[in-house]
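Note that subunit A is present in both complexes that follow, paired respectively with subunit B and with subunit C.
What follows is the complex of A and B.
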């Protein structure tokens, strides 16, 4: 059965509903069917399909297919399949349902043809993903989930404000090039930027992803930030500001990654670094640069997924994830270690692995457009990636000091998911044409040039040499149990402290106002009690007596007023 | 890892690095930029870049490191 106009989010939402109602093997079948059948269905859909409806007088396009959205459509089916296979052993309805809803929302967002539909899926993405964090069911995860949700909802609010302003100024609802002209463009840009983890807006990622369950982090890493990359590529290609933002994103997180202890958080920082390359490519905006950015997004979902899966497996089996508590696992988990090293080689862009064939397109485009300094920073970041993600992750988890941790290989489904991801990394790295065919613009770029291979190997192996030398000299910073302050300090510490400080400044004033109010009330009560209390003047008679007195006074006053009026005439 | 296998890994690494430096004499790189036509550009850049990365990260740690329960217990 093939329906050209079936939006790809429908199978995932339907599967989420069914997965909630079933259990055991039937649920496993439903979980697998969503990405597999959905993927097959999508393979039959071609560019140009468009579904239109009218809603509240607006022309909406809930499903629009072009090469850009198709690329991300395929990618999210692959990402969802890997994450689902990796989590098949989990007996947790919440995670399964939330995972399917989340993948469906990501697909809805990349196939949204108008800005209102995009906003709806943007928010659904936020709400469904937070359950993947809360599914860890720990106090930390709960708190991190709330912080995560606030940032995501804030992004959605900015997006909606931008879209409404855009509409009010006579803009079209269609989601195409937006650009940074006017306030509406900026609002939408920042909304995308939050989800894309722009510098200073990035901390939700490194805060929340490592707190999710070992399996859910794989889901999370595949979708949210990539939807944002897609949105930037469609709305803001060629925006020069993105080059500088991208360069900062590639460089600053690697310093944090070197000193971070939680290995999944290291991968979170490394993710910002990789997205930086994509953002830079989108900012350059040439066909080569955009192709490179999108190809890199495609590869990153797979190799970052693989690395997070291997660390998820370590966490699941040993219950530990800090570099300071791990080491020597290559003896008990050799398969996981080997698969992790393939992911590490891919993210480091070793020849024959996937990162090599996509990152170099961005680097070449950066030079072609004359951004020499940006190129130098990206080259530094490339060496740095190998250092913190390529070497540090496998080294501290599987080698380093043998801590004699009792461990076994993870369940078969976890190994299978990692194996699939590793095969894709090597396949794309060795036959880049497979990926290049899917890109929106024709590719003439040749990744495998002798000079390129040698120069990349020199860069990487001398980065490894630096690691070895620093380690032998005892200069390498040890893994320590600690918290490293990052921009989340502003809302986890600075904001509460400021509020407290303001309250303490306001307190004397507040106390004075209260004292004055209390004084007024007290004197009122005293006056009343003087006259009305049992010993008071007005309480000597019964209330009837008091009433007669008042009536007499009133009549007297009336008589006086009458007399004055008569005498005036 | 025991010392002998560490030594073996290091020997392989050193020889690969040496070979890659020697290759730079033997072929003419398609330069993408004036700087990268210099002999050993990528090797030096990779090594120096990573040493600086780690040394600066150590300084950063002095600035940002806080006790594990800085944000409160269970947080």
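What follows is the complex of A and C.
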């Protein structure tokens, strides 16, 4: 019976500890045991289990099970298993331990029944994940990791502030519907939004994920943003603002993704686009829409994982990841290419692949609720997904111009992980009932009816046609091979010229303000170090005489203070 | 039968071990017998705490002399808690001591070291357990004199100056305390704390009692190292042998802080100390000065032991700030921090002890790349540092939480902000060490030569680290006892 009350993060943390102490085969066994045994254990857990404890006078619920958290619980076990199998060949204690801690924290967050527990795991998630980025051990990764950590910690601070305010206003500590009334709701909303990569808060994702190691990116893509999707689904379902945010999220990354050269960064943008669909579904908030959003989150972890794994394999084998440096790999890496295409078909929502069965639910819900124009944007975004993720990724990596790169298939464990993910994609795509059973609300929706299939195929075919035409006409951006597409460059090019002009006017002012600020900071540090450095006034070795002088002074001060204080009365 | 005599055994066991170490003059024996004595003291302290929690205050008459005339040992929740932490830290430090002492102290002086250590422990426990102010003074001298010796036993020559200054300041402090006690005796004719607390209200208006109060406050402030009387502390901690730094940093100022609580709350009473006398206002100012000056000075230190010493000065500020709220929550925070700070500083100084064991010293320069060379030691240091900052799931968070809550309860939110800002300063000085240890390459002289510290030193260090985490999560013991102690001191019923 005690097993039912074992919180799912415990096996992962325990495995992380053991993995730190072991080597070789034993560690492989431990790594695999965590998601497998943890998953089996979770299968036996029913909705309604609750674990309560008291901490600092608050009633906490570190473990609460309902259908929503169970869905994410299963998902993270699958995601962790895939990522672990994919990284088995790596001999890096840091990555293994950080990965397990990270997965454990994600599980802790989705099973947290109260806001304080959620905050704790929210922060643990941030701290454990940054090591996955640092594990690349390059200067760029170190810097990107710091930027990433700052955003994530900032999100945690906002969450804590929001929760404390919420409590002070008499809110309940239970993590249930929060809503946007009052400052506390907004603070929590923005905290979730940062982790969810809302527009303008999204830079950490496209900045940091491509800098992580090939294997760590798979871990990262599975958890952080999905925890945020979960939190939004629980705290803010039916918030209308989310529809608009979701629509923007689906559309704007397309432009970036099309011109981006680093293929893993393309997938980063595509991830924001996919999360946009989920956010939109949560914003609509009907049972169908929520089901669709959650199902899409489930599928996205698997097919985005698959795509990132295939790109990780390419990076691992060739050492390159820019679209302009790759091409023709289908000859040497046919299996990876085939698996990548399955992932691409899933993300583009081809019928019989997993993306189709969930995305269509969201689209239908959007239409049912009468958000016609939102539907149009989502339709455009769907075509865009096919463009940048469905075609561009496999095309530039495996086909395109053959650059004669010497490559082989990646290690067997990488292929196995990709194969597992691909099987799941096809399985869910062909038997959507398997997934629908897990959703929090009963599903009556039929994915495979005539109009859905036909309209989706039409959309995909025309998108493919557009790609082919643009490519033949030489209009498709990466064909401009003279330009090395870097994220920096793409940002600047997209900024209208006028903005740059404005900047050039503002620049002297900006520089002056910065100089002034830096001057202030420098003089402050100088003053502080003059007084506090080992030779400074406040920290140097004092002769005994002056210490005694202080004693005398203080005694005198006390006596005087008491004298006046008492004579006042 | 024997449980009746626990209060005196608490002191007697280490006190008698001291001459034993000196007479036998064998290093192994001295270590073994000290270890046994210390663990016995720990067991006794645990039993005493259990008894007081179950049955209330224990009063023990020394030699059977009835109370106002004879010496009384009196154990309530407050000092039982302090006894426990002192004995616990001493026991863990002694486990660590054998190899560290063998490396850092001259071969022939090792039995002498354990003699002084046991005397110091006996003194600290005696101060805590006694209910008689003169007896308290005597034990204070025992612990102080032995700690001067302990510091001077270091092989670094600067330790001699440091010990000399400590001796000077400590003696002045003790003298002030003695003068205060003398004045109180003059006015009331008694030395028993309970008796004093009953007789003092009749004479509170007099200048003599006010003067006594001033002498006591200043004298104890020296012992606590409250700014601006902290100047002896950085060098004393920095140049002492590692084991001594860990032991004294974690216990001596805590016991002095306990003495302050005893005098302020039990003997003078809260209404005299804080209402008649403006002490809480003075304390608040000094506490803020300590928090900021200590932390800022710590940021600029190169010697890591000195860095931790300055950080201790800042942490004392937090405890004094808790007192200055003069509320149950504030006092709970202060007592909690007393316990928690002992855990974190103990752990940090022990991990530094591991580093000194391998490197010979602990300057920023030498720490480069140590995260790779001594992973377990540095991991311990980092967790200890997180606790010092007050990250959730560590003990540091718990005490800061109560401190902030205490400030908000009073409506003094700028103080709450000050606590948080001072924690950020702690983040800066801990981060400096982390950056050097983890993000810089090891200096070529060290690579390949420096290994992880021996297990007999790592295990005690990690025991304290785990305590840091454990009491950061399960707070039922610490918070329960601390709030009960705070209520007892303030005389508030449950």
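Convention: the second predicted complex is superposed on the first by the 476 of 569 C-alpha atoms of A that agree within 3 Å, B and C clash if a C-alpha of one lies under 4 Å from a C-alpha of the other, contacts with A are read in each partner's own complex, and residues count from 1 in each chain.
Quick note on the criterion: a contact is a pair of C-beta atoms (placed from the backbone, for glycine too) under 8 Å apart; a residue touches a chain by one contact, two chains touch by 3 or more.
Everything numeric in this text was worked out from a predicted model, so none of it was measured.
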After the superposition on A, what does A:123 contact: first (subunit B), second (subunit C), both or neither?
second
- prompt: Just subunit B (first), just subunit C (second), both, or neither: which does A:466 touch?
  reply: first
**Message:** Let me test your reading of the model: by the given contact rule, A:521 touches which partner, first (subunit B), second (subunit C), both or neither?
**Reply:** neither
Between subunit B and subunit C, more residues of subunit A are touched by B
Worksheet item: Should A:512 be classified as contacting the first partner (subunit B), the second (subunit C), both, or neither?
Response: neither
* State whether A:412 touches subunit B only (first), subunit C only (second), both chains, or neither. => neither
First (subunit B), second (subunit C), both or neither touched by A:200: neither
(Q) Once chain A of both complexes is superposed, is A:558 in touch with subunit B (first), subunit C (second), both, or neither? (A) second
Exercise. Can A:26 be said to touch subunit B (first), subunit C (second), both, or neither?
Worked result: neither
Where subunit B and subunit C land on the same part of subunit A: residues none
Note: in the complex, subunit B contacts subunit A through residues 1, 10, 13-14, 16-17, 20-21, 23-24, 27, 29-33, 35-36, 40-51, 53-58, 60-61, 63-68, 70-71, 74-75
Seen from subunit C, its contact residues with subunit A in the complex are 164-165, 168-169, 172, 176, 205, 210-211, 213-215, 217-218, 221-222, 228-229, 231-232, 234-235, 276-278, 282, 293, 296-297, 299-303, 306, 310, 392-393, 398, 401, 439, 473, 475, 479
Interface with subunit C, subunit A side, in the complex: residues 55-56, 120, 123, 142, 528-529, 531-534, 536, 538-539, 541-542, 544, 546-548, 550-551, 554-555, 558-559, 561-563, 565-566, 569
Note: in the complex, subunit A contacts subunit B through residues 138-140, 143, 254-256, 258-259, 328, 330, 364, 367, 372, 375-376, 379-380, 383-384, 387, 399, 402, 449-452, 454-470, 475-477, 480-486, 492-493
